[in-house]
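In the two complexes that follow, chain A is the common piece, with chain B as its partner first and chain C second.
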Partner chain A sequence: MFTHIWHKEIRGELYTWKSMLWLLISSLLFSVTCYLLLTNKELSLLDQTELLWLLGKVIIGVGLLVITVDASSIITTEFEKETAESIFLSPVSLTDFVLGKLLAALTLWFAIFIVSIPYIIVASAGSHLAIPFIAYIALLGTLGVLGFVLLVFAISLFFRSSKNTLTTGLIILLGLSIPAVFSSTLKNDVVSQIISHANPIDNIFSSLDNVLVDYKVSLLENWQFIVPLVVFCLLALGLLAFAMYQFQKQGVIRSE
Partner chain B sequence: MNMTAIISIKNLSKSYAGNKAVDGLNLEIQKGEFYGFLGPNGAGKTTTIRMITGILQGDEGEIAIDGGSVHDKKHVSRLLGVVPESRGFYEWMTASEYLYFFANLYSVPKKNQEKLVTALLSEVDLLKRKNSTIGTYSRGMKQRLGLARALINDPKILILDEPTLGLDPQGQLMMQQLLKKLSSAGVTIFLSSHLLDEVSRLCSRIGILHRGRLIVEGTVDELKQKTGMKDLTEVFLHLTST
Partner chain C sequence: MNMAKTLITTCAGIIFLSFAFVAYAQAVPPPLSIQILSQNTLDGVAGDYVTVKGQITNAGTTTLNDVTTYLSLVDTGTKLPVDLEDWSAEKGLYIGSIDAKQTLPLSWQIHFVKAGTYSLIIVAEAGSNEVPQVSTITHFNVAPKKNLNPGQVLPVALGTPIVLLCILFVLSYRRKIEE
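Let's turn to the complex of A and B:
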């Protein structure tokens, strides 16, 4: 059943000017980043691995931002445009509904990832890093995006309002992004290190650093970054399960 | 008439912020019946309909649909066709895409879908506009499309919340003719409407809800006899003016 919801979202959300615009903006940002990294006098002096790491940060950052914004409205629109009632009058379960929407959000991330591949290949030219870079962007990006989409969906089911979901989602994303972009010299005390180990975005960037700069490409050498990301996804899934339980208790139409 | 209750409501209540929207409602709709559900604005009609369709949870009471619980989603969605009060559509879809989408959700076999969608669009007189996006439709056309969607699963029970609201006289007539046809085909119809003339012409039995309570029930003649009024409008105004 969820595949019908997914297909509907692909047609109604992905093949629209809004999604095309997201892809265009992503592509422009990747172009500008690559251009600056390769041609700017100071930036082009960076080691290629540092350059790739910066590009990786931009790709994941853009992906997380776009998907957080998109996922904020993907469920709530059904309530705001009053289409939810007819969907839930059909045999579609809430699980099918959420799963279809989740796949739609991940499809947009997949499109952004595909757009980023040529930039990764160009920036990695002459090195042996292109394949591990692509593989880790796929793995870390998908885990990060999955966690954020689950989180945003949970918020959507609590609020049932695009505006509130978007604001809350962006606050969480920015809240987690800011410490992740601090340099490692600012993370010497215990508290900063604990935050850094628990922060999913920090773990994504640290794993990319591990792969690209230190060339530790196996999963075993990155488990300490991947496990917290998986835990983040599981926590977000738990929150979504709670939101779904609440939603079913309240009914599709909330008593107000 | 086969006197078997297809919808059975016992002691149903629902409150919003301490105000009782539905208060101890008891109601039985018989198989094949055309039931008119009347009440002034805020009487609790839409709340009742949402609870019957399982979209809204009641605070107290029980609802049984053809012997099964209203909380059994598969059972309810198989039996019910609903034209809800909220009439959101995917405006970017064409009418035929919209019906195919719902045909898939209701697991209508692929081989039957084309025939079904064509028949339903023809029934609601939208066949010529089947490839136009819903966003270009008038309100009346959307109402008719909503009815076609409600019929996609060949329901035994059709529940309509103000289906003719905002329609021009031609649109109202077309909708009424369709409902009559469905009723003669044996579909149980539960109609909520403000158009008393429409209700008195179509419905075999009528219930009037006021402040969440069912204050009277019967045929139009029985209601007139009970109240001593000469038509349904007078009966309605007499009973709901306090």
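Let's turn to the complex of A and C:
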């Protein structure tokens, strides 16, 4: 049954100007970044590996931002447009509903990832890093996006309001992104290092650094970054399970 | 006659003394000297780092205080001095005191920022000396960076959004037909 919801969402995503505009904006951002990195006199002096790392951060950052905004409204609009009642009156379980929406959000991430591939190939020309770069953007990006979508879905079920969900989602994304872009010299103390190891965005950027700059491409050499990302996804899944339990207890029409 | 003799003798004396003074000045080396140990010409591509190595020696018989060394870089194409802001993290090295006959190593890491030809000298000055000492010239030949082909990026940077825009129009058109 979840495939029905997934297809319905995909149809809505692909056939509307507003949804497809995200892809176009993402593509323009990648174009500007890539062009500046390769042609700007100052930026082109960066080592190619550092340049790829910067591009990787932009791709993951844009992907997380677009998916967070998309996931913030994908569930809550059903409540705001009052279509949730009719959905749950049909033989659709809450799990099918959430799973269908989750697949729709991940499809949008997949589309962004596909759009980013030509840029990755052009920027990696002559470095033999194109394949590991694409593979790790897919792996790290999917884990990061999955965790954020699960988290935002849990918030959606708690709040049932696009505005509140979007604000909370963006604050969480910003809160995790800002320490991740600090230089390593600002992360020398114990507290900063603990936050850095727990922060999923920090782990994504560190793993990309490990792969692209230090050329440690095997999964065994990156497990210390991938495990915290998996833990983040599991925690977000746990929170979503709790939110779904609370939702079922309260019912579709919540008595305030 | 005697006067002429005296005049000639005096002139000869002055000339002799001048020669003796010049000979003495040439025989006594300046107390500070800088030798470049790295190659005279360093080649690279913009973005590369090279290390210029040298040594500073106090050839005198007394300790020299407040010794400072610094770099001077000139763009030989434009004949203008270059701001070392991006070229070297350490524009100068304060050495302090050098004992008599002591030799100390000097090392600068230079970042090739812009393509061109450059000449670099190391200047050393001691607090007690009015005249600084300079090293021999190190020449830099910096080639432009071509590790990435910018020609490939333009079709992708322009083409991808255009292709997406076309897909967007096609999907929108199909949606209109279906409705």
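Keep in mind that, in the parts below, the second predicted complex is superposed on the first by the 255 of 256 C-alpha atoms of A that agree within 3 Å, B and C clash if a C-alpha of one lies under 4 Å from a C-alpha of the other, contacts with A are read in each partner's own complex, and residues count from 1 in each chain.
FYI, a contact is a pair of C-beta atoms (placed from the backbone, for glycine too) under 8 Å apart; a residue touches a chain by one contact, two chains touch by 3 or more.
The structure presented is a predicted model; accordingly, all values stated were derived computationally and were not measured.
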First (chain B), second (chain C), both or neither touched by A:T142: neither
First (chain B), second (chain C), both or neither touched by A:T107: neither
First, second, both or neither for A:S192, with chain B first and chain C second: neither
Which of chain B and chain C A:S86 touches, first, second, both or neither: first
Which superposed partner A:T167 touches (first chain B, second chain C, both, neither): neither
Contacts of A:Y35 with chain B and chain C, given as first, second, both or neither: second
Footprint overlap on chain A, comparing chain B with chain C: none
Residues of chain B defined as touching chain A within the complex: 14-17, 50, 53, 55-57, 73-74, 77-78, 80, 82, 84, 86-90, 92-93, 101-102, 104-107, 146, 149
Residues of chain A touching chain C in the complex: 14-15, 17, 20-21, 23-24, 27-28, 30-32, 34-35, 38-39, 41, 44-48, 51, 115, 118-119, 121-123, 125-126
Residues of chain C defined as touching chain A within the complex: 46-47, 113-114, 145, 147-150, 152-154, 156-161, 164-165, 167-168, 171-172, 174-175
Touch list for chain A against partner chain B, complex: 1, 4, 8, 11-12, 16, 78, 81-93, 249-253, 255-256
